[in-house]
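Going by the order they are written in, the chains are A, B and C; count residues from 1 in each one.
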């Protein structure tokens, strides 16, 4: 339990430094901010488990913009808004009307009236999602500064082309709870590896989010993928820097087996080559359907060369005690269940399944923590007051 | 008025036995549960009429999944959630992605975080809707048992291939209010009959819901339809059993006239032959458009043979005092208004119209009652406390 | 600030006379109602700026129906509902199912259960939007009178073919704040002019809403447009009447230049000729795509003859002090930014941009004021109580 008087006093003493700011990439946040968010998310979950209300707003809106499909994160955003008392609404933006420049600036201001937070998913077009979020961020900054807005809504990245902070933070909460706190990550070997999938075009933001965040706490991080599946420079540099600063390490391995050897946790997950994603962006823009079909065919053929990158029982046997924690953002491509040759074998997934649900269960609380941290001046004290007040979530 | 001290004390004394359970088919519920829900729905409506707040949740989500079009029940679910303080959200599930097996199990868990209730409409494919709801129910059971969920959301059937409990319960509330309580149903003759419609493919769940529920309270239930329009075995057996247990009867008649003779209430409503619905399911699955068009043509030709099954003034004259209560779930096919030859004549519908609105007006309160009964340990006491507290719904 | 004790006492003393009524066209409302709404909207904005809760409903729904695209007003309706504590939902009505007669009457009653307000946008088909809203209004009147509804939801026009009251009222709030109250409009010259746009089919409701409202307070209103772009008779007559009654004037000018000369505020905005809109309605109904394309071509050619109707720096120099307030409902067609030849030059818009955001910022509060005025018996006293209570919007 994370809501002991000591723990709550500690939480109330941390200033995450996020008031009136955004959560766009975890590597842009301080260690203190990350520690606060993990601590806050777990505490909010504990309060919710006890039926204690975590409402922080009497009224207020949380708005989301999804430029890609989403079931899990869409629900988690709504649930996170609801946890703190915000009504959520989704802006319907047809993909043909991806605004630019003036349109983005103006629309951002118009949808910010009465809005406490804007969650955005824009992960499809490599080189664009993060840039779009920054454009919206500048627009609400200006509108607030110029008194067109009464409050400055926080932007929450619900997956960009660079990072997937609500996912990575959920993974971190899960590991923190599993290993007795963030200190428990120190010295743990965590393998982030590519895995085969019979699909193409999966975003790079999940592995990038993982290396950019899990490198902060002294873990021995290992990244492995076939040639051609390199990650973007920005999260790679962040991972190197964080590993050095935290006394951990960030290494690359040539195979899933090498990465798994002695690992405490493994995260086998498919992603697309950045070159393919960039070309795909260009072709989607140009509307070149035939070339897109050719690209997909070639990308799948490239994937098929690496079918052995599957997390099966033999590879799991190489991990520490043969029993590493299996992480996944879901849905996983499961061999013999959801596809013929996937990221993970049926047997390995069956054992880990319910644990991946528990991993996912942090996301609404991570989002709630981000909402409180960005919208309240003293979010830790607010959570401590919720814990003290013990107002029931069920009021009848 | 149903909120007298006596009535409220009585309500508080009933345990519906629905805590942490679902409402999938009324024939799976105890008489006590049904009595509670009717009593609770009518009481909640009385409280709302007096402007008294019926909020039971400070925060919390009610999620809906509509696998078929809906205007009335969709709004009623939102209004019912709102009455008890839940924010509602709708999961957008494209029809091409009707999940199965692993996908359903996992998605159900993922959308259950922070969710108090999941309302599902899945009525198109005979043999599948109820099964899907059971799949979701098992999934949330498991996720809750395994501590991936903090609470177990209740499933509310918003119309399946078998039953339409929120509709049937609204009809029952209406009859109960009209006849001075559920005891008033004893000995009343209620005619549930097929009626002609210039459409095909109307679900069987409305008449099935009616016979499966209105048979419980000692009424003389009569079912009539042309040959080939038989209802499914499960609700037919439930109706026979309930009629025997409650001292009423459940008989079949060969014509609308025979069914209407001396009836206290009539429910003339079109539905499709089960064989047509099953073949339709198969063809929809197989994507056989030409065969579907043929099936529709044949089904409409079959309907057209029974155009005389219209509820007109001549047939209404056969009912008790020529003045039976006309029931309908709306929208009705009205001859000369919404179609050439429909379920009901213009004259009969004109007289009954506003009464069908009042019948429909119970649905949000029925849903609110289901939410309280499935999510609170002592829902009757909670309603009694609302009545005592008299917190206004308008707070400014 | 508008929330001084004097100002609040004054607000509490005005009876807008809107309880259980609708807001369909501002020219149907009394001067007192208009004064109340402006005063209330500005006061609500002041309270929100101070972080004071403006919640008036513990639970309740605000439902919207959009028969045309909307980003700004859609968000403003949700934000306005949220400000007073209503959950908002949108009814999804496919454009192919524009109901008539019985269907509208019945559906209106069904979606009114538990609903405090229904916001409708129906601006595309000239001659139909306002009529549809009146149909819905009659339907909820009847259902409430006949006790099928517990409360009568208010209809809020979110843009019809005739008026755009939430926009016009936002503009009026902006001018009132700018000029020190509604009295400040007296004697001010306001130019409402057509402007060129490379699009066709823009609704007439914005200029009609402007002349029908801004004529009430003694301003010198001037309308200018090329021949063929005449506005509808109803708002023109209202403007003439209000100008006469209020001691102002309502004149027409032959050019943008003439209208701008000495103006205190200008509102240059494109709209379509009524004849084109009527023909378009007929062709859309008939599904005549080729004829529609021809109509568009002809309409754009007609527009192109008036490309000089652009609000540029030279024309702005003609206004009072060369510095008139520029009004626009957004988005504007900006020359060299969003199109080649638009309503306004890049330079003029750049100067006015942030002020148009502030103009738009009133809309959620205008809607909140309309909700309170139509749904509370004594809305001014309710707002005064909010101001006295100072309940924080952030509760944690």
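What we mean here is this: contacts are C-beta pairs under 8 Å (C-beta built on N, C-alpha and C of every residue); 3 or more make two chains touch, one makes a residue touch a chain.
Keep in mind that what you see is a predicted model, and the values were worked out from it rather than measured.
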| item | value |
| --- | --- |
| Rotational angle, Cα trace of chain B fitted to chain C, multiple of 5° | 120 |
| Chain C against chain A, contact positions shared by both copies (same if over half, else different) | different |
| Gap in Å, rounded to a whole number, between the CA centres of chain C and chain A | 41 |
| Sequence positions of chain C contacting 2 or more other chains | 54-55, 85, 87 |
| Partner chain B, residues of chain A touching it in the complex | 45, 48-49, 53-55, 71-72, 75-76, 78-79, 82-83, 85, 87-88, 330-331, 334, 337-338, 353-354, 357-358, 360-361, 363-364, 391-396 |
| Contacting residues of chain B [partner chain A, same complex] | 54-61, 63, 84-85, 87, 89, 91, 101-103, 106-107, 109-111, 113-115, 142-143, 146-150, 372, 375-376, 382-383, 385-386 |
